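After this come two complexes, each holding chain A, first together with chain B and then together with chain C.
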Partner chain A sequence: MAARFHRPDPRRTVVLGIAGGLTAVFLSAIGMVEEFIKRSLVDPEVVLGYVTIALVPFVFAYVVARPPPVREGIAPVRPGPLTLAAGAVAGLLTASVVSLFVVITTEVNVRGVLQNVSPPLLETLTFHRGVGQGVVWLLVGGTLIGAGGAAVHLIPARYRRPVVLAVVWVLIFGLLQVLIAQIFRGLKVGDTVNPFLYKGSRGLTIHGAITVWIAAFLIALSLEGQREAMRRRLAEATPAVRRNYMLVGLAVALLILAVTPQILGNFLSEVLDLAGIFLLMALGLNIVVGYAGLLDLGYVAFFAVGAYTGAVLTSPSSPEWNPAFTFWAAIPFIMVAAALAGIIVGTPVLRMRGDYLAIVTLGFGEIARILFLSDALKPYFGGAQGIIRVPNISIGPVEFVTSQDFFYIIYALAIVLIYVSWALQHSRVGRAWMAMREDETVAEVMGVNIVAAKLQAFIIGAILASLGGALFAHKIGSIFPHSFNIVVSITVLMCVIVGGMGSIPGVILGAIVLVGAPELLREFSEFKFLLYGALLIFMMQMKPEGLIPSRQRAQELHQDEAAQDAWLRREALGDTEPEPAK
Partner chain B sequence: MSDYGAALRRRGLELFSFTGGFLWAVRIAAVVVVIWGAVGSLTEGRLTFDQWKNLVVFGLAQGSVYALIALGYTMVYGVLRFINFAHGEVFMSGAMIGFFAARELNQHGLWSDRPVLGILIVLLVCMTTSTTVALIVERVAYRPLRQRPRLILLITAIGASFVLQYAFRGLFGAGVKSYPSIEALQGSWRILGFNVIKTQGVVILIAFGMMALLYTFVERTRTGRAMRAVAEDQETAELMGINVDRTIVTVFAVGGAMAGVAGLLWGLVFQQVFFFTGFLPGIKAFASAVLGGIGNIPGAMLGGLVLGQTESLGPSLVLSGLGVPSAHQLKDVIAFLVLVLVLVFRPTGLLGERVAEERA
Partner chain C sequence: MSAQPLLQIRNLSKAFGGLMAIQELDFHVNKDEIVSLIGPNGAGKTTFFNLVTGMIPPDAGQIVVDGHDIVGLRPNQILERGVARTFQNVRLFPNMTVLENVLIGQHTRTGTGPVGAILRTPAFRRQEEQAVEKAKETLAFFGSRLVGYRFDQPANVLSYANRRRLEIARAMASEPKLLLLDEPTAGMNPRETAELTELVAKLRDEQGFTICLIEHDMRVVGRVSDRVVVLDYGTKIAEGSYHEVANDERVVEAYLGTKAGKAAS
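What follows is the complex of A and B.
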């Protein structure tokens, strides 16, 4: 079949080009570009601010120029000169919108309304060359970057992914300089590697960047196509072999965990501690949302119950009643309190449909925060002053003080809870949850006790969150009602959804990346929730099953497509299929 | 007869089953608590009769704001059957941009010299902003997901809500913005023995006017009829020649416009707006929509008014009577409890739901 050249849709090119421009203007106006400009990724020229704004025309042009997927029976189209032209036009349009913004805001002072549109931002956007020359630079740059984004499609398919991935890795090495340099230092090779890769605290050196790119490119190239083969080999392996793989994997993971805090040092352990606490919660929410399919938006309530129960029982200065237990003695009480909270929240919502349940649990989350904050319960929980002097955790004479010490407690508990989640998933109640998630009515007819299954999900989820909360209280040493707002619930939900609902590896990835990364990248902290929200929308549109999907959940979410495929197959095979015996 | 007997037995069993018994206990406890509290605070006489009446008027003003927001929730739910979680932020966007318009007018003296014209201009600004935001959210976030499971739409809506909140924070700053006050609206009127603060009176007036307008629009115009048809049965409506896509866009636009009106009224009553303003009123408005019966437009109006009164009277009437200190702090708890109780005991709301039966 003769391949035709791809002709991008002109209307779509114009629309997306302008949309790209509006996106770039938006990123500038919320202060992101100006905030990121201080951060150098590769010394001396590549700074995060310009990378961010350049990514916009690049990505939009890439999307504009993307040829349609190759389909059976339709002549494939291949990218050609028009692809580049469309990308360039989209980039030019994007740059034009930004230029228009620059010209307008130089003439009219809008700072009274848009507080981030400051003279420094305008200077940044015009490359410190004045409006006239700056706009020319903008337009030329936008066109070139747009053409570049489209040119990605011209790279032969075999090299496309490795080339792009390698660039991403260079950016990651630049962004996570603190982490990567510390890892090298922890591995005792920092003195030789770091000066080569990094220039002070100002990002990668040029030869460092090139080295990273080449290394990443070669690794990605050699791995290309291997992934399928590996997955197939794993799938074909006998249970005994697979078991061995798993044991080896587990041993490696434990070894890495054991040395991590020593390598990473105090600050990075602190970051991982926080991520670990969110991981505990995410594992719990994964049971409620991922397994049982109950969208709980007030999950922070259980976290708060755990934290407050733990604090009241262990702190010598808790207001009304202070038995000053040790952490270990308090655990059974924390779990009982959490189970009670789970029943209180779970029972009224038993008969509710999915979306109502979400809002009502959200309501419960707010109720918990308001109650802990209120004067009415101040004698017991300290109101806005919270509870202070929550002691450190100790085992016998050993007291866990530093964040490196805490790392072991948190992740030991995480391993236990991961095992619990895994065991539950394959247990009778786990199967009941999944049946319920797919179709409640059918599950009930098949003999699943819906009431019991839902309550079990809420109770177990609550207990997991409460343990996270108790550790949080001991980690921070004091708790205040303001720590328990809706944002926590949403963050945990993000970890579960982005990682993959019902998928334990996904949840682990989600918690480490989504909670850890913003702590490392201080520049991002102000835009954290904006990015979370955007990521949530993006994931739901592109990959609702998450980054590391649980196979079953992915199937459910793509049921329609699967049904369609099956139908197509049947149509195609219709003639060759043997007649059913009469 | 036997059916009736079976139903009775089921009811009886329900009482003794775990959840049934628990729910009955909650039901009885709720009634007892409310009566006890009310009797307690009325016999104590902490508030004078006039103060109670002021609370009623304030509740009416607050409730009419909730009602306007609730309309957006209920209409979208009626058509698409999902909770547009970002609707609270649509309301906030109107209130926020309205603030800038009001500030500008105030600087030129128009806000105090010609308040009617000023309010009208700001009202238009608010409505335009909220409508635009609602349409953008619909186009970017919801439309690509129209046929997906509703849980996915809800999660998307949560994402959209966060994006809007923090986008407004980034664009306009995190600080609290104070609406300039209107001199002509200082003081109060005396109506039917009620002492009505002028601002609240105007708010109630505008809100009821808008609701009447909307009701006429939905009941009397072709577009309104198309909206009702799509809510009833999308497929059939499409077969009858209704442009479903355009109708859904209209629903978002009208809902957004009402939220914009609510944004201005919020600015007039509470005078303060910041990026998080949309969250609580949004949830409360959703509670109102559920209270009135989701999908039911008069229901949303009624639900908003009832919730407004509950929130205004509840703390002083019930909680103070029970001896709870600083009861007003628990105002939001009451709103959430109302939502929970309604969903548990009368999920179809006061006036009944008007949504199409779920299709398999």
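What follows is the complex of A and C.
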């Protein structure tokens, strides 16, 4: 039976088209477009500013034109001419709103309120062609881009993902030029590849962009469907074979980690070091929030305790008392101090749940920072002057000085802590935490000692964070109270939530992306928290289980459905069969 | 019957504000007995279970399990003393797998802490293996419904009846002396109900649990109970065999009405 053509809902088209326009105006009015216009992705024409604003009608039109999911009992529809039309209308509406904005702000000066709505912005939005001609270009461009967004649905399913992914890769190559050029240099092919791909610091060359697109398209196309097959093969493999796969994977990962700092050079290693320190913290917070379900908004307190304990014990110039231990000798003391901090924070909040717990821990985070800043404790922690001259870490005669050296220490510890997280998750303790997260009352009725489980989570989470803090102190070489503000807590929590609560691979991805990427895109750092906020809202709405969900939540829906169907069939058959003898 | 009841309750009272949920209740369950607790909605049956499992503290009275007063103990300590329950509105750990749900039931019967888990000590591995083995055995009690590929499925994909079964398995895994079942057949179809009724009897006869259940389905009550206790407004209004209770005037008046005649036939 031929499928009907999809008829997008007109009301939805109009609403989303206007919403897209408002989004585009918002991005312009906060100065994002104007700031991004300076960054070239593909020389000479594709600049980040225009890409950003063009993405808005594209994405909204894509959503407008998306056919409903195929469900049982509903005849499937396929995209047709109306799909394109709806996309074009949405794009036109988006552009109309932007045009209206341009016309109004040309006539009325709103700079007193919206500082960024400047003549240069208006020139950018009208493509330097004056308002009249600019608006025409806007409307035509918006319509075409909208149709383009809708046209994605017309691409045969097999090619759709590869086509879109390849475009994303071109944008990534343009955006992360620093990183990618350095990787090629580190691989000793930079002299030949980079001049071909990149034009100075102006982004990709045109032939570079086309090459990247084709390469990414071919790779994505060949991998399409492979993932499913691989997962199936892995699921069907015997434990011994699976073990071998895991060992090979581990060896490859270790090899990559071993050569990474050499390839990336000093600056990028620095970025990864920072991401690594946040990874250590995120692993700890993953135990507290992800496993045990205790929302801790003051997690930075434990990070600070670790950093200060490490600094006081190892720095020869710590104010009151300076035993000048080595890092290794200080570790047991750091862990004990962190455990105590965990008990101090954990005990008063044992009876609290949810929101109350979050608010109280938020307070604890601030208390920690203020204590370290206070005059009362200045003799011990140096107040606002902090503690300086925290020595480098050394193993025997080898001293770890540069970011590249430090990379090994941080990621070695990360591997240990990843193992610890995994081991705890798959044990009696981890199960008790998860039960508590799911339903505290029932967990207690089923025998879980809530007091012990909560304290264990706080203590172990605190120890993990404190190790990150100690490494931070040694890496920076000096610590000050203002390094330990609430933003650290929020960032770590973001890593855990965006990555996937309770999922170790998710947390790793979260830390690398959310901490690493902003460092690479420092020029846009003023928009960091805006993007964090938008990302958080998007994740909570669309993918609350995170980018890489934990095992329980990752259960493929159709797998379950298939199993359920099989079971239902058996049940139905069982009905006709005589009852088994009891 | 043994000299001392497994569960002995004397003079138990609990009020929520002005509402007397349980009033000076005396109650006992002997070892190897199946006692049904019935009564109209709001009679205090679930409150009674909540009191016995320590989820809410009583205002007055004694709850003695196997010779020890358990009033004031935390719910997990009471489970350790051998009282496990299920819930009227199935309360599983929905995102944990079937096997993990049952393993939680064994929490108090196992004992390795974080250090053993991290070091993966031989003792830890052995205990973990035994626990999994035992969990699988427990699930096998329900036939082929909760075994095989089901072990690693999250509890939230199970059918309603299977969730009820899993909840019972979770309680069984804690090796209780006394099993409290709160409306085990609620929401089940007649075939499932009949099957579960048999299972309740098997729980006592084959697994050796002493059982106290709250039940609304009089056919179930009539078939499994050694003794029936009727609650109304928090007080015991009748006690005895199913037939004695079903023909008791006060019970008929308070609750069973004409329905009892139908159910008993």
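What to note about this one:
Quick note on the criterion: the second predicted complex is superposed on the first by the 548 of 582 C-alpha atoms of A that agree within 3 Å, B and C clash if a C-alpha of one lies under 4 Å from a C-alpha of the other, contacts with A are read in each partner's own complex, and residues count from 1 in each chain.
The working rule: a contact is a pair of C-beta atoms (placed from the backbone, for glycine too) under 8 Å apart; a residue touches a chain by one contact, two chains touch by 3 or more.
As the structure is a prediction and not an experimental result, all values here were calculated from the model.
In the overlay built on the shared chain, the residue A:217 is in contact with neither chain B nor chain C. Contacts of A:456 after superposition on the shared chain: chain C is touched, whereas chain B is not. By the touch criterion stated above, A:381 is placed in contact with neither chain B nor chain C.
Contacts of A:363 after superposition: chain B is touched, whereas chain C is not reached.
The partner that reaches more residues of chain A, of the two candidates chain B and chain C, is B. Residue contacts after overlaying the shared chain place A:447 against chain C, while chain B stays out of touching range.
By the touch criterion defined above, A:372 reaches neither chain B nor chain C.
In the overlay built on the shared chain, the residue A:62 is in contact with neither chain B nor chain C.
In the superposition on chain A, contact of A:423 is made with chain C only, not with chain B. Shared contact residues of chain A, touching chain B in one structure and chain C in the other: 560. The touching residues of chain B, counted against chain A in their complex, run 18-19, 22-23, 26, 82-83, 100, 140-141, 144-145, 147-156, 158-167, 170-173, 279, 283, 286-287, 290, 324-327, 329-330, 332-333, 336-337, 339-340, 343-344, 347. Within the complex, the chain A residues that touch chain B are 26, 29-32, 113-116, 293, 295, 297, 347-352, 354-356, 358-360, 362-364, 366-367, 370-371, 373-376, 451, 486, 490, 493, 497, 526-527, 529-530, 532-537, 540-541, 544, 557, 560.
For chain C in complex with chain A, the residues that touch the partner chain are 53-55, 74-76, 79-80, 84-85, 87, 91-97, 100, 103-105, 107-108, 110-114, 116-118, 120, 124, 127-128, 131, 143, 149, 153-154, 157, 159, 170-171, 174, 191, 195, 198, 202. Partner chain C is touched in their complex by these residues of chain A: 419-420, 423-424, 426-432, 434-435, 438-439, 441-450, 456, 460, 552-553, 555, 560, 563-564, 567, 575, 579-580, 582.
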